[in-house]
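Each remark here refers to the structure printed beneath this line.
Letters A, B and C mark the chains in the order given here, with residues in each chain numbered from 1 onward.
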Amino acid sequence: MSADLESILRPVDNPMPPFPAKHVTIASGEEMVIRQVTRDEIPDILPHVAPLIYVERDFYDVVAARVYSELLSYYRYRIQDAYVLVAQIDGELCAVVNGRMATPEVGMSLHTLAMRRGLRIGAHAFAAKMEYHMDIMGQQEVLIVAESPIGFRRWMIEYNLEKRFDVPHELGGVPSWALTKELFDRARATLVVGRRPVPEELLEKAHAAILPPSDPPTPPEDLLAATRSQYDSTGTALILQRWRQEGKV
Amino acid sequence: MAREIYAYKCRKCGHTHYPYRMVCKSCGENEHNEFDQVPLPKRGKLLTWTRAYSLPADFEVPSLGLAIVELENGIRMTGQLRVDDPRMGMDVRGEVEIVRREGYDERYGMVFYEA
Amino acid sequence: MRSVYVIGIGITSFTRLEYPLSEIAAYPAMMAMKDAGRKEIDHLYVANMGSGRVNHQTGLASAVVDTLSLTPAGAEAIENGPASGASAIKTGYMAVASGVHDVVMVTGAERMREVNNLEATEFVATLTHPLAEYIYGVTLPSLAAMFTRLYMEKYGVTERHLAMVAVKNQNNALKNEFAHLQQEISIEGILDSPEAMTNNPYVAEPLRFFDCCPVSDGGACVILASEEVARKVERPLVRLAGVGQATDTHAVHEREEPTDLLAVRRAAAKSFEMAGLAPSDVDVAELHDAFTILEIVESEEVGFFPKGEGHLALERGETAIGGTLPINPSGGLKGRGHPVGATGIAQAHEIVHQLRGDAGERQVKDAKVGFTCNFGGFGNNVVCLTFVRGN
């Protein structure tokens, strides 16, 4: 590929203030660090996103496939003004969240992918993303959509988001919802939590390595059972089953 | 027209029930429907309350106030609560309003406000 | 009446299960038959609450009996809301005690995760009074929350006590491989840290996320038999010595004393009376902690502690494994999970393990008498069971 053509294809990022790392105590009492990752770290994250593409429950498949493509696009310079935050406990990758600065005033929330469940880690990661757009970038609103009913309930209903149905969201072109500055300020007590600066030792551990999630969501163990249950709405179990028979996975 | 929610007063012993039951809880001897309908009072004291955040799927609001109120005549009832800063024992007044929409059906019930 | 014994037990993982409801009921039944070392079953009771509504399947008992190839044995489904499990055991007890059947299988199953959690909440809310509660958006957590507020005011129970129950039970569940929640939690994380409000938000004030049991799929089974059969089974004898059931008003606001759970008190008293035992005889109990407050209140109403002092016993550590009266060593509904139809049987499953002395890391030392309380509706239909080791 000629260098000239690449310079046309490669977007030029606008300046964005970095997200200052913070730490929170999660329900287990463990300390979780939320920090921005650089392009160089993306290859360390991708292998932990890929397996989730085959988990159909709660739309993990759709979200993971999209996150994978967004991370890869970020790594290979095919998405503009994007950022990626990760949540880590003792280095272990617990959540990935990402978004884009669509305009200086409007943020585009992309995804929240939690890899450890039951401890509200996704809620913390999502909140950090909103804090980034509002308090750190100083934007007026963030456009949000949800793939899963859980996400819809949590964000659209809990925060009473405003409808921006005339704006197709970048994810699937579906109608957008907006977290405005006013709504954000009202929910500040739960959205903006965590402490800064992160103690040196915690931060060092987080930067040292992105370790694999210890208990990520997995596809059903008995794949045949999944198809028998007539609950295989996406066909994922069938595809995986075929691959397994063919020795591909 | 003011809407009412009814309690059911036993024609034999006078015991008043809310909600409706077919046999009197007090004297236990009534035949079917041997009750007089009496409108529930619209004033009472807040016995206990909650603000619920995890709602059935058809409620598209972030949260919902719910309460058990002891009405003036001593009968207790459950209803929705629209009070900013509820306190147990506070005086409340009720209005009969639409409390739920199920498809095209509208359900009326008691909504309590600060008295 | 004849004596009735538990000769076999089985359980599935309580989590999200990706196979059909009839198999969730059948798998623990197969384990129980293996446990008992016999396949001859006279009759089958299936405990379930939501197959018709949640899974679009009715006539579940016929499906399960055929899945297990136990035909032509008789089979019925028993529905009593979240107390379906213990109700089915009680029915099985009557069938054996009366002499109608010698060996009765009681299996319970629920597959609630087939729908999302909003629909699951809605499904459980349908057991509230249709006109006086349901239409307002009343859910089980909101009834429990209103009850909790009264209890806090009257008896000095605090959010810290509730969090202590949550931590105790969820961390007990770490010792139970079949339990739904396998995440350790701490008081620091859910109550004291600056982030606790986000970690542990209100579900219905004053109840928080970690005060509520998870929505689970799962199945559990016990096989009941007469003494003659039980003596041939190579398992420690566990006798179902007492069954008690009581009901209360459908609408919660109609209860005479709003901080009492009379149905629990009465069901427990009947169960103890039948067993010829007292609450003080109990070594281990499984109580229906769908909400943390319920463990505290039930521990009082069944007679373990004086009314209003359950939270003090909790503070003293009496209800922990290793305490004087361990409650919910399995993790309870809070930690093990709450597939509504299976819960009552899962409670019995745990007690049988404890009385047999094979409960592993969570074994209560030298447990001789076990007790379960299965709570249907918001305390409007309660079934209590008393089990004893040996005869």
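By definition in this document, a contact is a pair of C-beta atoms (placed from the backbone, for glycine too) under 8 Å apart; a residue touches a chain by one contact, two chains touch by 3 or more.
Note that the structure is a prediction, hence the values are computed from the model and not measured.
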(request) Look at all chain centres (mean of CA atoms) and spot the one farthest from the centre of chain A. (result) B
(request) Sort out for me whether A-B or A-C is joined by the greater number of C-beta contact pairs. (result) A-C
(message) As a quick test, compute the distance in whole Å between the mean CA positions of chain B and chain C.
(response) 31
(message) I'd like the Å distance between the centres of chain A and chain C, where a centre is the mean of that chain's Cα atoms.
(response) 37
(request) With chain centres taken as the means of their Cα atoms, state the distance from chain A to chain B in Å. (result) 44
(message) Can you list every residue of chain B that touches 2 or more other chains, as numbers and ranges?
(response) 53
(message) Where in chain A do residues touch two or more of the other chains?
(response) none
(request) Would you pick out the residues of chain C that each touch at least 2 other chains? (result) 116-118, 201
(request) Would you tell me which residues of chain C are touching chain B in their complex? (result) 116-119, 121-122, 125, 129, 131-133, 135-139, 141-142, 145-147, 149-150, 153, 201-207, 250-254, 258
(message) Quick check on the complex: what are the chain A residues that touch chain B?
(response) 157-160
(message) Please output the residues of chain B touching chain C within their complex, sorted ascending.
(response) 18-20, 47-59, 64, 66-68, 76-80, 88, 99-100, 107, 109
(request) Spell out the residues on chain A that touch chain C in their complex, using ranges where they run on. (result) 24-30, 57, 116, 118-120, 123-124, 127, 149-150, 153, 189-190, 193-195, 215, 220, 222, 225-226, 228-231
(message) Quick check on the complex: what are the chain C residues that touch chain A?
(response) 16, 18-20, 23, 114, 116-118, 181-190, 193-201, 209-210, 214
